[in-house]
Amino acid sequence: MSHSYQPQENKRSDDKSIRARMLISCPDKAGIVAAVSQFLYEQGANIVQSDQYTMDPEGGMFFMRIEFDLQELEVRLPSLQEDFNRIADRFSMRWSIFRAARRKRIAIFVSKEDHCLLELLWQWQAGDLDAEISMVISNHDDMRSLVESFGIPYHHIPVTADTKAEAEQKQKELTAGKIDLIVLARYMQIVSPKFIEQYHNRIINIHHSFLPAFVGGKPYQQAYNRGVKLIGATAHYVTEELDGGPIIEQDVQRVSHSDNVNELKRMGRHIERIVLARAVKWHVEDRLLVYQNKTVAFV
Amino acid sequence: MSHSYQPQENKRSDDKSIRARMLISCPDKAGIVAAVSQFLYEQGANIVQSDQYTMDPEGGMFFMRIEFDLQELEVRLPSLQEDFNRIADRFSMRWSIFRAARRKRIAIFVSKEDHCLLELLWQWQAGDLDAEISMVISNHDDMRSLVESFGIPYHHIPVTADTKAEAEQKQKELTAGKIDLIVLARYMQIVSPKFIEQYHNRIINIHHSFLPAFVGGKPYQQAYNRGVKLIGATAHYVTEELDGGPIIEQDVQRVSHSDNVNELKRMGRHIERIVLARAVKWHVEDRLLVYQNKTVAFV
Amino acid sequence: MSHSYQPQENKRSDDKSIRARMLISCPDKAGIVAAVSQFLYEQGANIVQSDQYTMDPEGGMFFMRIEFDLQELEVRLPSLQEDFNRIADRFSMRWSIFRAARRKRIAIFVSKEDHCLLELLWQWQAGDLDAEISMVISNHDDMRSLVESFGIPYHHIPVTADTKAEAEQKQKELTAGKIDLIVLARYMQIVSPKFIEQYHNRIINIHHSFLPAFVGGKPYQQAYNRGVKLIGATAHYVTEELDGGPIIEQDVQRVSHSDNVNELKRMGRHIERIVLARAVKWHVEDRLLVYQNKTVAFV
Amino acid sequence: MSHSYQPQENKRSDDKSIRARMLISCPDKAGIVAAVSQFLYEQGANIVQSDQYTMDPEGGMFFMRIEFDLQELEVRLPSLQEDFNRIADRFSMRWSIFRAARRKRIAIFVSKEDHCLLELLWQWQAGDLDAEISMVISNHDDMRSLVESFGIPYHHIPVTADTKAEAEQKQKELTAGKIDLIVLARYMQIVSPKFIEQYHNRIINIHHSFLPAFVGGKPYQQAYNRGVKLIGATAHYVTEELDGGPIIEQDVQRVSHSDNVNELKRMGRHIERIVLARAVKWHVEDRLLVYQNKTVAFV
């Protein structure tokens, strides 16, 4: 039986059904902002928020995020997208438009540590994480009753050296076409390059150190051994390079000589869950663009 | 049915059954540290941690917290306390000794906001909050299934203008002699002076502003109206003066002009739960002394 | 003799001579961004940075800051401004354009505390504060040799109860038409309403507390008495209401029970200088708009 | 001519002439605190502050710092130290006693970046850095007038590949027996192992990254390339391993995708000077113990 939490309505009064978000990246050139904003104006859209960043005024890359409102958005979006192609072509844009009302579907992968999962579940039920948590997949069965009490399906897929390929096949079947984002919330198994490729820039991992310090296993032990005065956590998109993907968010916490490894782990859990939750929130709100090995975060 | 979380063992390897904590305050005078540490040495105790603070070297107040280990602590504590009286008298000390193994019993009071309660429950089940959460008392019934899923008794005591006295009487009956600490985790009812007196320096409240700014109701609205660039939260012992008791802990979060009142509330919830959880942790670990309207926090 | 510091070149490679910054505020309405960006495009300008904020999507205020590059800016600016009037009229805009190459001229007012002055001088000589420090005015003569060693004129204008009006008259004569911004860098004299009116939203003060807590005199003593766990500083525009003007920036620093008032002052000096320096930097880079009693800070 | 800054009196009212600080490290054992505090009491000393840390309650290392007041300290210290040997022997202590009135003598080494030097000079003249700045040594002549304006001797010792040994010989001659602490305030030359050995745990360096991330040259460029969301600085004792010595203090600053390398440098300067100044302050106040490759910092 569930303790019957349902995600509350997002508290902003805005009518989300008419809200869209547009992400653009292209080589910088005069007239981009004018062309895009003129286009949206002619379509009858009202720009609510606009952010941009030019990597280098002379010949660099240009990145833009626009939130706009458009009446009858769902009906009119296909033709708007069709029409936008002429502008996109003119400026060699990579671009996407997302309807705010179409919430991203998340699969959370966990192992035995529950703190990152719990934070995401809480923020979701509080209405702060505007997404669907469609399923939780774990190589252990420990958190089934917790997850199911939120009304979320729980899939236990054990992973051993022998069953690794088979397990990943099951993960693919569960997620294919049903999931927009995979969150590794302290999932302690390596994900294969093939799986990563399928979810390019759509898998977020939390690493329990201030990257690039302490790559790999036992980062708190490494931090303790080095005698650092701050510990950190890093949320990043997963690429083939271990702990090497584009960094989305990082934060740190002061520690002292008197904190042993267990204390560091305890204090670190807090940073991990905050940092991961921020990264997931930004992703589902279409605030992140990836360029080469970095993120542009309009937050 | 519960999702069967039980608090995990505290992860420090220390044997808590022999650990005691001593809190002392007295007028400053030469020889206090020597007398106390010599006493403990003669008793066969081993000092594990010691903190002290002198308000003013010349004639001010002296505060001390000592953690020590003593074999067969439970059996030997009464005579140790008896013997300590001669030192206490010599220096006019106010003092207490607490066994670490005797976990403090907490009653959490809540209304409709669940974030502070959830943080405490989560830290408790993770083994980070070394206390018993003996009961949750609420003027609403909303969180019953959540709380009961942790195996904790939930008491719904409605409060109206007419039933206020009666409600407080029920609260007293539930807690009297069974509770060491009351935590107001966004409990939106005023607690009477009589009740406060009974739990002198044993009621912790979370106020959702950086006190003394924005005393009273709707602090986020007040903060928004004033245009502050940081919002905060304050955990304090409850006294008769509204939001005026000794401050235990405070923290803040950066905000910007673009955050409306609902955003401030959302961001503030995070600070509130962190600040309250720290304050409760410090209290149950006997790290707080109150002197006049301030706390000495050995953290 | 001076120790001959000259402000270094600003290290960004951008050609500042063609850079302009535009600040706009008006009632929100569809088409503003399109109109402005189309206008700039037709003028041959290239938008380098653009920030906007809508107080409320339905009928609120709209604020915008645009940085753009335009060849032969100085020559072409008058006609661009002339032409822009038709757009400004259409949307009932309040607006200004600033050339980045035209550095704002600052008069710093000080009394006996030098830390805020020193921070501004250092940041200026390091090329981080892109402004002219045209003069320092003080009611004491203490910092003359320091200030003159930076090649900056120093004016000693004593202030007593009797000479207050006369002193302010001298200040006006020194600054009138020569100064764009007045910075009260721990200037311990009250500035008259008339003087404030003359420099409306162009006087920045640093208050040594986290406003609105601890308005008025001796804020560190007030903070100590209240037993706060964080101290702060606030930079704000000066209005007639004491410590009540629009807040530009705030920051805090953790303190403990063991910090006495002198320690708070010492630690606070560090926060004060950082907070004031940020506020001044944002002002001279045209990043601040004032609306009612708040600032919109595009930083 | 100097602008005649003299260090102000330390503002605490304490009589420093009778204040001593004791640092102790030894294997943990019951009775240490009792023995030391009883000893000091019998000598007539009054303990003002005491901090301790036990690495592991069962058989680990014990570290202690005690501040005490003793009348006629300077005269009585030799016999007190003589007497203390019997306690030190009993517990196999490494220990030192420092008179607070005997300020540590610092030589600051700089190259072309002045921000760390300036912060130290400013804190020194404000009375916040309780030490003598005995000399500044640089491989360039750029900061002579600045340093001499504070009344501090400036030694220009150029360093080239050919003259390295000779330069270090000059540095040794200038500092030998006259200097207690060497501060590398962005000194861009490698110091030889021999020189390091001579000043074992008495050379503090500031590295402009959050170590162990970005060891070696151009850390801000490295940070930019990796796309980190926080930049940091680290003060550490210098050992033979490049950027590998015991960490004293670290801090970080939030950055974004829009900050280029020059912006990171500019923002980083602020963190560097704060972190270095804290580390130097803690060293001269005898708050640091080094054990293996870590510091115990009683702050």
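Chains: A, B, C and D, in written order; residue numbering restarts at 1 for each.
As a working rule, a residue touches a chain if its C-beta (ideal position, glycine included) is under 8 Å from a C-beta of that chain, and two chains touch if they have at least 3 such contacts.
By chain, UniProt protein names: A, B, C, D = Formyltetrahydrofolate deformylase.
Just so it is clear, the structure is predicted and the values come from calculations on it, not from any experiment.
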Centroid-based (C-alpha) most distant chain relative to chain A: D
Selected pair, greater C-beta contact count between C-D and A-D: A-D
Inter-chain centre distance, chain A versus chain D - centres from mean C-alpha coordinates, in Å: 42
Distance between chain centroids, defined by C-alpha means - chain C, chain D (Å): 36
Sequence positions of chain D contacting 2 or more other chains: 53
Residues of chain A that touch chain D when the two form their complex: 53, 210-214, 226-230, 232, 246-252, 256-258, 293-297
Chain B to chain D touching residues, read off their complex: 14, 30-35, 37-38, 40-41, 44-54, 57, 69
Chain B-touching residues of chain A, taken from the complex the two chains share: 1-5, 11-12, 114-115, 118, 122, 126, 128, 145-146, 148-149, 260, 262, 265-266, 269-270, 274
